[in-house]
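Each of the next two complexes has chain A plus one other chain: chain B in the first, chain C in the second.
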Partner chain A sequence: MNQTYAVAAVAAVVLATVLVGALGLRISRTTSDFYVASRTVGPRLNAAAISGEYLSAASFLGIAGLILLQGPDMLWYPVGYTAGYLVLLVLVAAPLRRSGAYTLSDFAEARLQSAAARRLAVLFVVGIGWLYLLPQLQGAGLTLEILTGAPDWVGSLVVAVVVTGAVAAGGMRSITFVQAFQYWLKLTALTVPALFLVAAWLGDDAPRARFDAPSAFREHTVVRVDDTVRIEIDAPLTLTVSGTVDGTAYQERRLTLDEGAHTVASGTALAFPEGARAPERAHAEAGPSGWSQSLSAGSDGHRLYATYGLILATFLGTMGLPHVAVRFYTSPDGRAARRTTLVVLALIGAFYLLPPVYGALGRIYAPELALTGDADAAVLVLPDRLLGGLAGELLGALLAGGAFAAFLSTASGLTMSVAGVISQDVLPSRGVHHFRLAAVLAMAAPFALSVVSENVPVADAVGLAFAVSASSFCPLLVLGIWWRGLTPPGAAAGLVVGGGSALTAVLATRAGFAPAGWRHTLMAWPAVWSVPLGFLTMLLVSLATARRVPSGAAAFLTRLHLPEDLADRDLPDGEPRDWGRPAGSGGDRGGDRGGQAGTPDGDRTEGAGA
Partner chain B sequence: MTAAQAVVLSAAGALLFVSGLAVGRLVARRGERPDLDLGTPVERATFHTLHTASLAAPPLRAGLTEDTARKAARRLRSLLGTEALCLTDREAVLAWDGAGADHHRTRVMAKVEDILDSGRSQSVHTGCDDVRCPLRWAVIAPLTGEDGVLGALVAYGSRESAVLVRAATEVARWVSVQLELAELDRSRTRLIEAEIRALRAQISPHFIFNSLAAIASFVRTDPERARELLLEFADFTRYSFRRHGEFTDLADELRSIEQYLALAGARFGDRLKVTLQVAPEVLPVALPFLCLQPLVENAVKHGLEDSGRPCRITIAAQDAGAEAVVVIEDDGVGMDPAVLRGILAGERPGAFGVGLCNVDERLRQVYGDEHGLVIETGVGAGMKITIRIPKYQPGVHAGAGRHRP
Partner chain C sequence: MSAEQQPRREVVTGVPRAVRRPAPGYAPARSEISEHTTVGATYVRSLMRSQLRAALYALGALALLVGSLPLLLALPAAFGGRPFPAEPAVWAALGAGVYPVIWLIARWYVRRAERNERDFTTLVEGR
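Let's look at the complex of A and B:
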């Protein structure tokens, strides 16, 4: 692939992001129009911003990669990512906005009137933010590695530096415009190449993707294996090898491998003839990345369980993502928040129609990605594979730009919210400098982890963040909004037991501590047991400590569920009635008022006639 | 390095960090007590008593309610070392700590009512039928506030003891002091509320006369504009004189400022130039009612009334993470910083000072001292006022404020 175009596209996206960040502020400025205050962020703009922030590397690259690797089962990912907003719309959106909370920890404090609950929530906000940032940085590294051959930490560094710089310098001040721009950029970057690719596929007599059997190479292909892998072959395979296979070194030798497992050392080049069946990575391998295959590995029982785990995590986890929650604050009221969510559903639903197309095409045209493990790159290599030439390079560059937009938008949104929480609750005092320091802190930890830890499929890694969020904040939000009896000890216990156990399971699987078999599946997809555990703990402990229900709980719930125009205007015609009534609270003041009563009433009639 | 090792390493690092933090805290806390000189046993007992008392103080500072009484009762009982302790107000038992809540709780009010009028401590026999019940004698001590007896502290013992009577009376007196402080807090809040009312009344006279005069000048030449201005005037006064709520949102406050500037623009014509730079993200931020308008009014006064030249006023609201930053700037005559300092300290009351001082005080009261006004000015150098408003603060939301303690 031509590096120049790709690098130019990535640079253009970074530049455009910074420019919109600066210019968006100009758009929002006005010198002549006095009624700027009525120009709040509308549902459509806010929805595009939420979608832009939400559609991360997992959506842009990861889903196509997983579908390439494991087939249509993986369609649950886009379904789950979208359906999360349905749950959010029905249960959380409007009340969360009406609570006046900016972050999730604010909500915990406002609902429970407890500083301890707030501190606990802060821990989870930061933890989930970091878990979510990690795959974004790794995805960026992978993308730049494929495009330019740079070491994989370079891409992570680019994203980390750009995002931290922009957030710390206040360049994300017009973040709504930036994120809305990123959504449309990502949608374009995925739609245009998809149209060309589908046209090319139709021109190629529309071959069908096969998910039940290994796919075959459509032409003579040379695959270079970067890491030592074990491959699984179900029929004898003849190929040309330069390198080491099963411990023996070959030099441009033609070789026939028997069926069964074989070890291919790193640096080996395998040349497959046309029509050869693509081998797949052996799943029995107990390595650090072995966990990620658990959804397709194992028996049908595991598979069903893992699917339920995925569904629960994504359906219920969306509401607890720190960067999603803060964006609802921008809506002027609860009704607008609900409308915004509805538009988000439409925008995200439209976007998610595209990645499966890339996944299926990748299965046909780039089967070796299943062997090298770089399935996340499917989206990026397809234009070159299908179209080639200048068109392929340009479309590839467009996709690369879109992928970078995905890393930048999600990473900046996450960094903003995590830095906000760190500067508010972790660092000793507030101020501009502290926010900068917090932004650096928010990015430093996941960056360090992304450099030292090995790549895992992006969509899976994001799924882990969803699982923790679904087990901690989902019970807190749902019970906090819909149940008067939630107490601070109950909420704290639920957060610790539900969220904590999910977090432990996720970290243990990532570290490779989890034992094989059923227990491994249980820990890799914790949502199935940790979400009910979180809910149950919160319920039971709250019931046991029923005396500790915060005194303002009933009033707070009323505020959450009453539309603003009823709740805020508790005296809808307050002023005129007040003016007319001679005695208010004090006799002497009332007389004063009575004297003026005529004027405002007159004004009112005049206003009503307009 | 593999992912497994990396994650393990980082997890171990995090664990080490947390345990280090915990050990550090522990050591620091230990360090507060000098190891060598712990004092005589009497001194130590005194320290212990004072410490327990200081722990019970914060809940009581919020006034005498069921919630605060529950929190305080536990501490007070350990202070007195009695079998049971009960706090009441004039009507009912607020909190019971210790044994015997089942059968004594219902009877205690009858005994308390006797002392509510006298205001003197009493030691009475409980007359309990249960022989195993340790609560034989009760000391009832009144809790007094500014307006007489607020409630009572009841300490139970197994026998009649002059020591317990003395101790309970002293503790009740100490609690009474805390309650009086709570009343003081409340009256301070009321004072600030009264100031807001004064501020609302204060905006009007000058401004109303000038606006009406300006509108009158348009009635013949440009009736349509005069009509619009009158409507602006109506909206502006309706907002400023609104009676409910201590808080509003930035959108409403800015709308009122726009109306104010439209009216000021009618009076000053081309001399007043306004730039508004508002990030739409911060419009829903809740903030104290009328906390920007006095500042804008001040900017207009400084920029235009005190000099004859044109003036530019810039109002900017920006999104800064968990805060909104509002900047109000004018290029008018400015002010000597020393004079300004005097005004903010309340030493030079004047028409100008009340508005600025009041806004500063309210911001500090609501958000804490680090969120007061930041003013940059000099003689002839204009004035720039910066406010940082947290997007979320407990108890602050548009429409709140009626029932705030």
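Let's look at the complex of A and C:
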């Protein structure tokens, strides 16, 4: 693949991000602007920004890669990512906005009036944020590696530096502009090549993708294996080998491999003749790359369980993602928060129609990706494979630009929210200056991890963050918003037991500690048991410590559910005053109240005229 | 514009009874809410209950229409038959069909929640 166009496209996206960010920086004047865009972002702009932020590397590259590997069962990923927003809308959107909480830890403190609960929530916000940042950086590394052959830490470094710079310099206002822009960029970058690819596919007599058997190479293909891999062959296969297979070295030798498993050493080139069936990685290999396999391989019971594990994690986990929660604070009021979410659902639903197209086409035209383990690259290599020539290169460059937009937008949203939490709760003094230091800290840890840790499929790695969020913040938010009886000890116990067990199970599986069979499936997809566990612990411990229900709970719940035009002017000062202070400065706080009071007044006038 | 230049003569008799509203902040129900009396708490509880009911209806619809799909797709195979929905049907349902369903549920919920709030405001302002 010619690198020039792709590198130019990536550079253009990075440059545009910096420029649009700088534009926002000029507009962003006050502290309140810096953190929450002064809460004046309209539903459309805000919805595009939320969608731009939400559609991460997992959506842009990961879904297509998983579908290529494992077939239509993987369609549950995008469905779950979308349905998560519906659950968020009906259970928490408007109340979360009305709580005035900026981060999830602000919410925990305001609702429970407990500094301890806040600290615990901080731990989970940072943990989930880092879990989610890691695959974004690794995806960037992979993309640049595929496009230019650069070592995989280069892409991670580019994203880390640009994002930290944009977040530290511009804050939320510029992020809103950047992300709204990036949503449309991502949608375009995925739509235009898809149209060309489908046209080429139709011109090729529309071959069907087969997911029940290994797919066949459509032309003579040479595959280089970068990491030693065990492959499984279900029929004798003749191919030309340069390198080491099953411990024997060959030099351009024609070879027939028998059925069964074979080991291909790293650096080996395999040349497959046209029509040869592409071998797949051996299923027994319980490495991290075999993560989603329990979804499609194994008995029907495992498969059904794993599907529901995925559904629960994504449906309930969205509301607890740090970068998603922060976004609701930028809406002017609860009603706008709801309407914004409705637009978001339409935008991300439209986007998710596209990745499956790439997954299916990749299965037909790039079957070797299942062998090399770089399935996440399916989206990037398809234009070159199907169209070739200048058109292929240009469309490939467009996709590369879109992919970088995906890494940049999600990573900046996550960095923004993690840095917000770090600057408020971890660093000693507050203010914009410290926020910049916090932004560096927020990005440094996942970047270091991305360099040392092994790559796993992006969508799987993101699924892990969803499972932890669904088992910790989902119970906290849902019970905190709808149940008066929640106590600080109950919330803390639920966070630790639910979120902690999900995290432990998933990390243990990834490290290879889980035994095979049912226990492996149970631990790889913890949401089915860890979400009820989190809810139950929170309920039972709260009931047992019923005397510690915070004194302001009733007032706070009133605030969450009353429409702003009633609530904002009349509630006395019995409510907790200590929430939602982005910078903790008195002047800023006053500015916020003033800004907020404007809107309900507007609503009232409208109501009186009607 | 012309009306402004040449104001029409009108009879001023005061606000008609039907339209009259207590001054803002003095509506009886509203001060109940502000003062956290039991009556105020009852008002808020009723709002919360109606909002929760709307949320549960929406979640129920989601579980029924989308959440039941894996079971439906798995059932025929479990009984030993050939998978009933052919692969194209799975692709159509999961790849495209569920998104409009999710959006329609969301739109229903948003309308319902806003109506609940409007009803509540009307009730509290005593109109």
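Criterion: the second predicted complex is superposed on the first by the 541 of 610 C-alpha atoms of A that agree within 3 Å, B and C clash if a C-alpha of one lies under 4 Å from a C-alpha of the other, contacts with A are read in each partner's own complex, and residues count from 1 in each chain.
Going forward, a residue touches a chain if its C-beta (ideal position, glycine included) is under 8 Å from a C-beta of that chain, and two chains touch if they have at least 3 such contacts.
Every value quoted in this text rests on a predicted model; they were computed, and no experiment measured them.
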Residue contacts on chain A - larger count, chain B or chain C: B
Contacts of A:Val79 with chain B and chain C, given as first, second, both or neither: second
First, second, both or neither for A:Thr307, with chain B first and chain C second: second
Partner chain in contact with A:Tyr102 - chain B first, chain C second, else both or neither: first
Chain B versus chain C as contact partner of A:Tyr183, first or second or both or neither: neither
Partner chain in contact with A:Ser551 - chain B first, chain C second, else both or neither: first
First, second, both or neither for A:Trp529, with chain B first and chain C second: neither
Contacts of A:Ala110 with chain B and chain C, given as first, second, both or neither: first
Which of chain B and chain C A:Tyr329 touches, first, second, both or neither: first
Interface residues of chain A shared between complexes with chain B and chain C: 555, 570-571, 574, 604, 607
Complex interface listing, chain A residues touching chain C: 72, 75-76, 79, 82-83, 85-87, 89-91, 94, 211, 300, 303-304, 307-308, 311, 315, 335, 338-339, 341-342, 345-346, 349-350, 352-353, 356, 360, 482, 554-555, 557-558, 561-563, 565-566, 569-572, 574, 604, 607
Contact set on chain B toward chain A in their complex: 1-4, 6-11, 65, 67, 230-231, 233-235, 237-238, 241-245, 250-252, 254-255, 258, 261-262, 274-281, 283-284, 286, 318-323, 370, 388, 390-392, 394, 396-399, 403
Chain C residues touching chain A - in the complex, by the definition given at the top: 24-25, 30-31, 33-36, 41, 44, 47-48, 51-52, 54-55, 58-59, 62, 66-67, 70-71, 74, 77-78, 87, 90-91, 94-96, 98-100, 102-103, 105-107, 109-110, 113-114, 117, 120-121, 124
Contact footprint of chain B on chain A as seen in their complex: 25, 28-31, 34-41, 100-103, 106, 109-110, 113, 170, 173-176, 287-289, 329-333, 416, 419-421, 423-424, 429-432, 435, 438, 448-449, 452-454, 456, 507, 510-513, 551, 555, 559, 564, 567-568, 570-571, 574-575, 578, 600, 603-604, 606-607, 610
